[in-house]
Each structure stands twice: as C-alpha cells, then as structure tokens.
Amino acid sequence: MHGHTISMRLVPSTTSAMGIYSLRQLHLSRAKLKASSRTSALLSGFAMVAMVEVQFIDSCREGPEGKTETDECPVPQWLLVAFSLCTTLLVAVHLLALMISTCVLPHVEAVANITHVDSMASLRGTTATVSESPHITMHKYIEAAWTFSTVLGILLFLVEIGLLSWIKFLGYSKNAAIGSTVLLVPIVLLFTLFTFHFYWKLVAQKVEDADKTLQELEEQLRV
Amino acid sequence: MHGHTISMRLVPSTTSAMGIYSLRQLHLSRAKLKASSRTSALLSGFAMVAMVEVQFIDSCREGPEGKTETDECPVPQWLLVAFSLCTTLLVAVHLLALMISTCVLPHVEAVANITHVDSMASLRGTTATVSESPHITMHKYIEAAWTFSTVLGILLFLVEIGLLSWIKFLGYSKNAAIGSTVLLVPIVLLFTLFTFHFYWKLVAQKVEDADKTLQELEEQLRV
Amino acid sequence: MHGHTISMRLVPSTTSAMGIYSLRQLHLSRAKLKASSRTSALLSGFAMVAMVEVQFIDSCREGPEGKTETDECPVPQWLLVAFSLCTTLLVAVHLLALMISTCVLPHVEAVANITHVDSMASLRGTTATVSESPHITMHKYIEAAWTFSTVLGILLFLVEIGLLSWIKFLGYSKNAAIGSTVLLVPIVLLFTLFTFHFYWKLVAQKVEDADKTLQELEEQLRV
Amino acid sequence: MHGHTISMRLVPSTTSAMGIYSLRQLHLSRAKLKASSRTSALLSGFAMVAMVEVQFIDSCREGPEGKTETDECPVPQWLLVAFSLCTTLLVAVHLLALMISTCVLPHVEAVANITHVDSMASLRGTTATVSESPHITMHKYIEAAWTFSTVLGILLFLVEIGLLSWIKFLGYSKNAAIGSTVLLVPIVLLFTLFTFHFYWKLVAQKVEDADKTLQELEEQLRV
Amino acid sequence: MHGHTISMRLVPSTTSAMGIYSLRQLHLSRAKLKASSRTSALLSGFAMVAMVEVQFIDSCREGPEGKTETDECPVPQWLLVAFSLCTTLLVAVHLLALMISTCVLPHVEAVANITHVDSMASLRGTTATVSESPHITMHKYIEAAWTFSTVLGILLFLVEIGLLSWIKFLGYSKNAAIGSTVLLVPIVLLFTLFTFHFYWKLVAQKVEDADKTLQELEEQLRV
Amino acid sequence: MHGHTISMRLVPSTTSAMGIYSLRQLHLSRAKLKASSRTSALLSGFAMVAMVEVQFIDSCREGPEGKTETDECPVPQWLLVAFSLCTTLLVAVHLLALMISTCVLPHVEAVANITHVDSMASLRGTTATVSESPHITMHKYIEAAWTFSTVLGILLFLVEIGLLSWIKFLGYSKNAAIGSTVLLVPIVLLFTLFTFHFYWKLVAQKVEDADKTLQELEEQLRV
C-alpha cells in the first residue's frame, strides 16, 4: 500500500499521452484568451482615442441646408461614412472579443489553477476535472474571441489607419493619402496570406499530433 | 504513526470530489473579480476621457435667453441629455463594479493564499477554511460586480459609442452618424444573444457538475 | 529524533487554528493595501487629468474689476469653487491613501515573504514573526488607507463626475446637467447602502470567525 | 551521514533568529525600492504632463519691453516662478528616487533570488551571502530614495496641486483658488503629522525588535 | 522497482545535454515573443498617437485648385508624403509583429507550461513533447516577428523621429530640423552596426554551442 | 548508489562559492536589463509626448524671407536647436537601451529559467550552462544599456526639463525660466556625484567580493 502511494506521486496521471494532450489544450486556451484580451484592450483603446481626438476641418461643416460647400471641404461624404462605420465595427469587434474572454477566462483559469493542486492527486480525479473543463464546452467561443481579436480586429485596424491618413492628410497633401493607401494594399495581402498559411500549418500540426497520440496510445496498450 | 503522516500528505484533502469543487469555486470567484476589476478600470477610464475631451460645436452654446439658435446648431437637446445620462450611468456602473471587487477581492485572495499553505495540512483544517470563505457569503456581490462590469457595462459602452458618433459626426455628415447606429443595432442584439446563450450554458453545466459530484460522492461512499 | 524532524515538516505550525487565522489576517492586510494603492493611483490620475485638461468657457473670464459679465457666462461662481474644492480633496484623499500604502506595504510584504520560508521552520519561530508583524501594529493605518481609497475616494469621485458634467454641459444644455445630477442621487445612495451593508456583514463574519476559532481551540485542548 | 544531510535541509539556517531578521531586512529593502520606483514613476509622470499640457492665458504674454499689461493678466509673476520651481524640484526629486532605485534594486534582487536557491544549502553559505548583500552597504541610498519618493515627493506634489489650481482658476474665480489653498493647509499638516508618527512608530518597533532578537539569541545560547 | 522510480525523478531527462539545449531554445523563443510583443505595443502606440495628435500648420492647406500657396507654407509636399509612408509602414510592421506573437505565443506557452509538469515525468514523454513543439515548426515566424519588432521597427522609428522634427520645427527654425537630422545619421549607423555585430556574435555562439553539445554527447556515449 | 543520488540533490552544485557567485551575476544581469528597459520605455515615452504636444508660440513662425520678427518672438533660435538636439538624443539613447535589452534579455532569461530546472541536476551540467551564458559574452552590451538608460538618459532628461521650461515660460515670465535653470545646476551636480560615488562603491565591493570568494575557495580546498 505504502509503495503504491509513492509511485502514484512520482508518475502522475499527466504522463499518459492523453493527459498531456488534454492539459496542453487547456493551457493553449488560457494563453489564447489572455493574448486576445490584451490585444483587444490595446487596439480598441486606440480606436476610441482616434474617434474622440480626431479633428475634422471646420470648412467641412454642413450648412443649415444640409449641404457642404464642396469647393472648400476636401473630405468627401463617403469618407466620413466609411470612417464612422469602420471605427464602430472595430470597437465592437474588440469589445466582443473582450467580453468573451472576460466571460470564459475565469472558468478556464479556475480549472488550470486546480490542476496544479490536482496533479499530485490520484489519476481518476485529474482526468475527471480536465474533461468537464470549460475549455472544451466553450471551445467555439474561445476560437471566436481569438478570430475577432487577431484576424478580423487587426485587418480592420489596418483599414482604419488607411482611412485616418485620408482624413488627416487630404486637406494638406493628396499624394500623402494616396501613398499610404498604396502601401497598405500589399500589407493587407501579406496579413491575409500569413493568416491562411498559419491556419493551414495549425490544421496540419493538429492532424500530425492526433496521429502521434494514437501511435503512443497503441504502444502503451501493447506494453 | 509515521506511515499515516506520509499518506496524509500524498493524498491531501483536496482529492475528495467535494473539496475540489469548493476550491474550484474559490478560484472562479477570484478570477471573476480580477477580470471585472480590470475591465471596469479600462472602460470607465475611456468614458471619463471621452467626457472631458469631447468638444461640442461652439454654435450650439445656449444664448442668455436659454435657447439655442436652431438653424446653426445641428446637435439637438435630447442628444446631449442622452449623452450626459449614458456617460454618468456608464461611469457609475463601472465604479460600482470596481468598488465591489476592491472590497471583496482582498478577502477572497487571503483565503486563496492560505489554501496553498493549508493544502499540506490536515483534512479538517482545509475544509473549515474554505467553507467559512467570503466567496460563498459574498456570492451575491461577486455576481453583481460581474454583471455590472461585463453585461451592463459593455452594453452601455456600445450605446455610448453610438451617441458619441452622433455628437462627433452630426455637424459634418448625417449619413456617418446614421450608418454607425444602423451597424450598432445587430451588434447589440448579438451581445444580448451571446449573454443569454452563455448564461444558459453556464446553468446547464452547473446542473451537470452537481450531478457528477453527487455520483462521485456515491461511488466514494460505496468504496 | 529522525521521525520527529519529519513530522514537524509535514504538520507545520500553521495548521493550528490560531496560526491560520493570524496568517489570513496578514494576507488580507497585504491584499487590502495593494488594492487600495491600485485604486488610488487610477482615480487620482483621472482627477488630475480632469483638472489640467478641462476647458472653462472664455466668456467666464473675470474682468479687471473682478466681476464677470453675468449675462454671458453660464457657469456660476459657486460651481467653480465646488469643483476646485472637490478636486483638491479627491486628489489629497487618494494621495494620502497612496502614501500610507507605500509606507506600510513594504513592511507587510517583508513579513509575508519571510513566512513562506519560515513555514518550513519550527513552530516557535513562525508565531513570533507573525505576532510582531506590522499588520497588527499598523492596523489603524491600513484601515484608514482602505477607507480613504474605497469609501471616501469613490464617493468623492461620483460627486466630481456630477460637478464635471455641470461645468461641461451648462453652456450647451441645462437639462443634460440636471439629468446627470438626478441620476447620481440614487447611485450615491446605493453606494452608501452597499458600504454599510458590506461593513455590517464583515463585522458579523468577524464575530462568527472568532467564535469558530474559540470552539476549535477548545476542541484542540480537549484532544 | 545520511541523517545529518536530511536534518540540514529540514531545519535551514534561516530558522535562527539572526538569519530571519537579516532576510526580513532584505525583503523590506526590496519592497521599499519597488514601491518608491512605482510611486516616483506615477507622480513624475503627472508632473511632466501637467507642465507640458497646462495652458497659460494669452493675455499674460510678456510684451517686447519685458512687461505684462497688468490690468489684463490675472496671474502674477511670482506664481509662475513658484510653479516653475516646484515642477522642476518635483520632477528632479522623483527622477533622483527613480535613478537610485534603478541602480540599487538589481543588486538587491540578485541577492534575494539567490537566497531562494541558497536556503536549501548549507548554513555557512547563506549567512555569507546575506551579510555581503548590497541592502546593508547601500542602506543610506535606499532610505534616501524612500524619503525622496514618499515624504518629500508627495508633499511637493500637494504644493504643486495648490499652485496649479491658482494658475487654472485665477482667471475665472479667485474664490476657487483660495478655497483650494485653504483646504490644502490642514491636509499638508496631516501628511507631516502622519510622517512623523509613522517614523516614530518605526523607530520604536526597531528598538523592540532588537530587544526581542537579543532575548531569543540569549535563550538559544542557554539551550 | 522502487529505487528505479526515485532515481528517475532525481535525474530528470533534462539533464542530458540534448534536452537542456532543446528546453533552452523553447524558453528563448518564449522570451523573444514576449519582448517583441511588448516593444511593438509600445512603439506602435506612440506612432498612432503621433499620427492623430500632430498638428499641421493651417497655411499649408491645399486650396480648391489643388495647390498650396508656396510662399506661406514651409512644409514641402514630399515631407508629408514621406511622413505618411513612414507612419503607415511603422504601424504595419509593429502590427505584423504583434499579430505573429499573438498567434504563436499561446502555442509556445502551452508547451512551456506543460514542460514544468512534465519534467517530473519519464524521459520519453519529455523529449516527445518538446520536439513536436511549435517553437521549432514556427521558427521562421518567431524570427520574423523578432526582426520586424526590433531591427526594422526601431530603425523606422528613428526615421519617424527625424521626419517628425522636420514637420514640427520647419515653420519655426530650419536649423533645429537640420541639427536633428545630422544627429540621427551617426545614430542610425550605430544601430545598424550593433545589429550586425549582435547577429554575428549570435551565429558564432550558436556554432560554438553546437560544438559543445556534440562533444558532451560524445563524452556521454563513451561513459 | 542510492545514497549518493540523494546527497547530490540536497547539496546542489550552487552551494560551492564559485557557483553562487556566477548565479548571482546572472540574476544581476537580468535585473539590470529589466530595470533599464522599464526606465527607458517610461522616459522615452515622455520625451516623445513632449515633442509632439509642445506648442510653440505662433509669433515665432519664420516668415517667407527665413527670418522671424525678433521683437515679437521671445524664443531665440538657439533654444529651438538645443531642444531639437536634446530630444533627438534623449529618444535615441533610450531606444538604443531598449533595443539592447530587447535583444539580450531573452538570451539571459532562457538561461535563468533553465537554471531552476538544472539546479536539481548534476554538478557538471550546471556550471557548463552558466559559463556559456550570454550574460558573460554580452557583458559589454548589458553595461552599455545600463549606462545609456540610467546615467546618460536621466542626465539628458534633466537637461530636457530645463530646456522645456525655457520654451514654456519664456513668453510669460523670464524669471520662471531662470529660476528653473538655477535650480537644475546643483541637481545635475548631485546626480553626477551620486553616479560616481555609486560606481566607486560598486568597484570597491567587487574587489572585496573577489577577495572573499578566493578565501572561501582556499578554505574549501583545505577541507
């Protein structure tokens, strides 16, 4: 009895290939939620400041008859509409990501903190805790927060930078605004390319991981 | 005597299903309070900056006879009243959440820190500490801070963004303000939907958790 | 001799009900000081920014004869006096809380860090360290910092928001300023109510805690 | 031989009263340096922002003949001189505190980090490391950083708030500036009182601590 | 059997030269990603604020005929174009670095956190986990984020500072703008030199490390 | 064999005087890099904000003939040149320090994290890891980052404050600018004095440390 207890402690349940894989998913979810909450707070913060602090040119103010004197205001109507839509969408996307990670993260952290204490405990206890963990049942939300915060959020942010440089420079130098937009096109392409390449690599690795886990399980069953 | 002491240490009280559940609630409360205090500080900070820094159009100033010249000022009275009410409510809701988490968090953290030391101690000691813990007696306050900070606070924040874009864009482009509002309607619906879905999932999981804990306790009693 | 040393390590001094209670108070003091220093830094920071950045209306400038032309300036004298007093008091209260926690926290942290090392040591050492700890001798200061930072500081902050919305909106819409004030009255009442309810609950729990500790000590003495 | 090694580990050198006292001083120095560096960064940051952002009234600009038209500018010369001196002194005091803690803290942290590893080692090693530690040889600098950051720095900051409210409000409402100053006088007194009381309590506790350490050493020598 | 288990724990798999080298690479990747995400957030934050807050001189506004009155506006067109391009590139480079580290860091952290638990486990488990780690398969991305954030990002930032001082000072003092540029030339050279020297040193050390690892492996095989 | 393994764990390699000294240097380097990166981020951040936000007086704008009307602009040309040079140098020095610590810190942290795991391993492994550590091969860079960030960076910052108060106050009160400069002269002297004293003390302690290490090594060799 005594020797059995000691060996349980030295070879904890997490050594089994299945346990490590499950624990790794838990830590991955936690790190993803933390990273997306940090990125969202940063980028939504700037979008808000840009909205409050940006100064429109006085000559663009609408007259009482609802029309601007077009010969004086260099900023066209559609630019203001696009800026307004982009800022609202940007803030909303990041707030949604922030809300999801604020909702889900405490549940994931509670399980991750328990696992530390638990890893010294018996085999059955551990697997039970991890399997009923929110990082599996709330998997869809975690991926949504992640996608909103990194992929959609950063792409929208690049568009916002482009629109902002039009609003900022249009009155002073049209070439500056055009140059900024020309530069942004390949950058947005690079972002999209990276996103797809990264996603493809991730799926490839997940398949490989599952293969390895299966092989290890087979080997363990043989031994 | 000697062997008994060692086994107590290797199989601490937290391995019992009841203990783990209680500990998990403790960590959940702590993570919730931390997350709501961080979110509240961020969002109330922006609401304050927006209130101090936003510039109203000069032509909207009230004359000595208490009336604005309506043909010059594009911002109607009710918009300013709504903005004032929304900002005050937003700041107050986040301050209330901040106050509650500042009050309750130290009590929860003190117990959580003790549990680490305590987990090496005897069975009776641990359960005593956790059961007299503030995360149960102050449960209502923790949920209130959580709801104020995430659900009510973020919804109010979206409304604030909508009002801000009206105040900011009304003098320049009515379409920009309308576009922003039209975009916000489905987003607010999405937020509400997510909130209810998340809440429903949480209740469902809680029921399932309680079932599992009961089953495990039954199995433990049989063995 | 050998067995005695091991049992001392496995059942450290902190398992005694008295030791845990004392340790819990130590961690509570530390968490309180940390929370009040964080809250004070945040709120005093905003109060300062509000003071430096707020723009008074030009027409309110005092003429050389020391009187303002009352038909042009909508902000009355008493409002500026109230704003000045409230900002000064708000900053001072938070600076006082910041100063106390900056002074007392290092002493509490030094003891808390020692306790970790100490908890593996002999029984006599631990209790000696904790009892001569600053969290007991400086108890009054910790409570003062706490009260200044949370109760007084947040109430003053709500008043500041009210005054700020008067200064900001008075020139544009009297109704907005009135609406904000009307909204603040029930909120301030809610804050006061929560404070008293929380305080009452805390005192009740302290009495209960003391009762339990006494009972446990009695049981320990019997065994 | 075997038993001797184990007992050394279970009863480390830090259990001796002298070792704990020395280690506590080390942690106290570290916490003090950290707290003073945080406070200094916060307060000097605000002083800088206040200096860059504050707007002087245009009518106070000096004419080419080096004299201001006194009937238009409400801010007297001595107020600007006092504000300039106070801001410079405030920033310098906090920068000095920041510099000292940036210089000394790494040396103290290196020793504190070593102590963790070291505490499992032999008796002789530990005491050697701690006694040659920078927290003793650089004791004067640590106290200087502490005093600069908390006592002098916060008092200067209160004076800065007073001066700022004079510069800000003088053109609009003399009573607001006077009210703020009248409020600051008892607050500065309260700060000074607290500082002296806290210092006196600290010295008293140090004497008591030294007495206790001596008594414990005597008791240990007897046993 | 019992003795075998204990020796496995005391001499974990990481003691083998290969394991330590692999683990060190893992921690290096994590630290690099963390550092580049922090630097990118800081520098992109400033670039954004500089873009939103910088004020162009009113006299430089383009007239309705698309031409500025050149005798009044001291800022030439190409300067605005260069500033616009540099800001866009700077923000995009840092956002790209931020996105890569937000994407890759969670995967690296999940493995690093597992390694702690795992290091108490069997030899085979550890090497399996580390070898299938993302810090090797995503090595190219980590180096890209690193290069974007530190090398390219800081060089672009120096150029931005130079352009900003031209835009800021050109209307007031041409010499100030020229002086700033003259000062920046040797600084940019120093940066480039440091980058190449550091890179060369790193490659040299990597070669040396590989040599040492080989030698140690040979020695281990002999023993 | 069994007893040998245990004694290796209980008396790790770091207990030897040489190992502790080496480990202490490692932690010192890490703490220095962290501190200098934090200080540099703070101070360069302010220097940037000061550059973007400072408002020059309109009357100082250069006319089309490249000359300012000297009877209206109180700020002389050399002051603007000095401010431009000082800001550029200040930002560059802190960016250089930031870049060095961003480059070197990950390498030092990777080794420091490994050491924790490694300290339970065999003697030979540890010394090998620490001796091939970047904190020795990159020693020159660490000291450079340190000096740039603390000594040069803070002295330049004090000069910047002096120049800023001239630019800010010159139009309003010459005495305020003179007073600020007069105050800065003894403060800069105090800084230089402290730097030299601290450096001298450090060298003295290093010599003493080396002596002690030699003595301990001699004693160990005798035993």
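Structure notes:
Letters A, B, C, D, E and F mark the chains in the order given here, with residues in each chain numbered from 1 onward.
Quick note on the criterion: contacts are C-beta pairs under 8 Å (C-beta built on N, C-alpha and C of every residue); 3 or more make two chains touch, one makes a residue touch a chain.
What you are looking at is a predicted structure, and each value in this text was computed from that prediction instead of being measured.
Different-residue interface: chain A and chain E share under half of the residue numbers found at their contact.
The most distant chain from chain A, with centres taken as the mean of CA atoms, is D.
Averaging Cα coordinates per chain places chain D and chain E 34 Å apart. Here the CA centre of chain A is 40 Å from the CA centre of chain D. Chain C and chain D have Cα centroids separated by 20 Å. The set of chain C residues touching two or more other chains comprises 6, 49, 53. Around the ring, proceeding from chain A in the sense that reaches chain B first, the chains are ordered A, B, C, D, F, E. Those residues of chain C that touch chain B in the shared complex are 3, 6-7, 10-12, 14-15, 17, 20, 23-25, 27-28, 31-32, 34-36, 39, 42, 46, 49-50, 53-54, 57, 71-72, 74, 119, 149-150, 154, 157-158, 161-162, 164-165, 168-169, 171-177, 179-180, 183-184, 187, 190-191, 194, 198, 201, 205, 208-209, 212, 216.
By the touch criterion stated above, chain E contacts chain A in their complex at residues 2, 5-6, 8-9, 41, 45, 48-49, 51-53, 56, 60-62, 64, 66, 68, 77, 80-81, 83-85, 87-89, 91-92, 95-96, 98-100, 102-103, 105-107, 109-111, 113-114, 117-118, 120-122, 125, 128-129, 132, 134, 137-138, 141.
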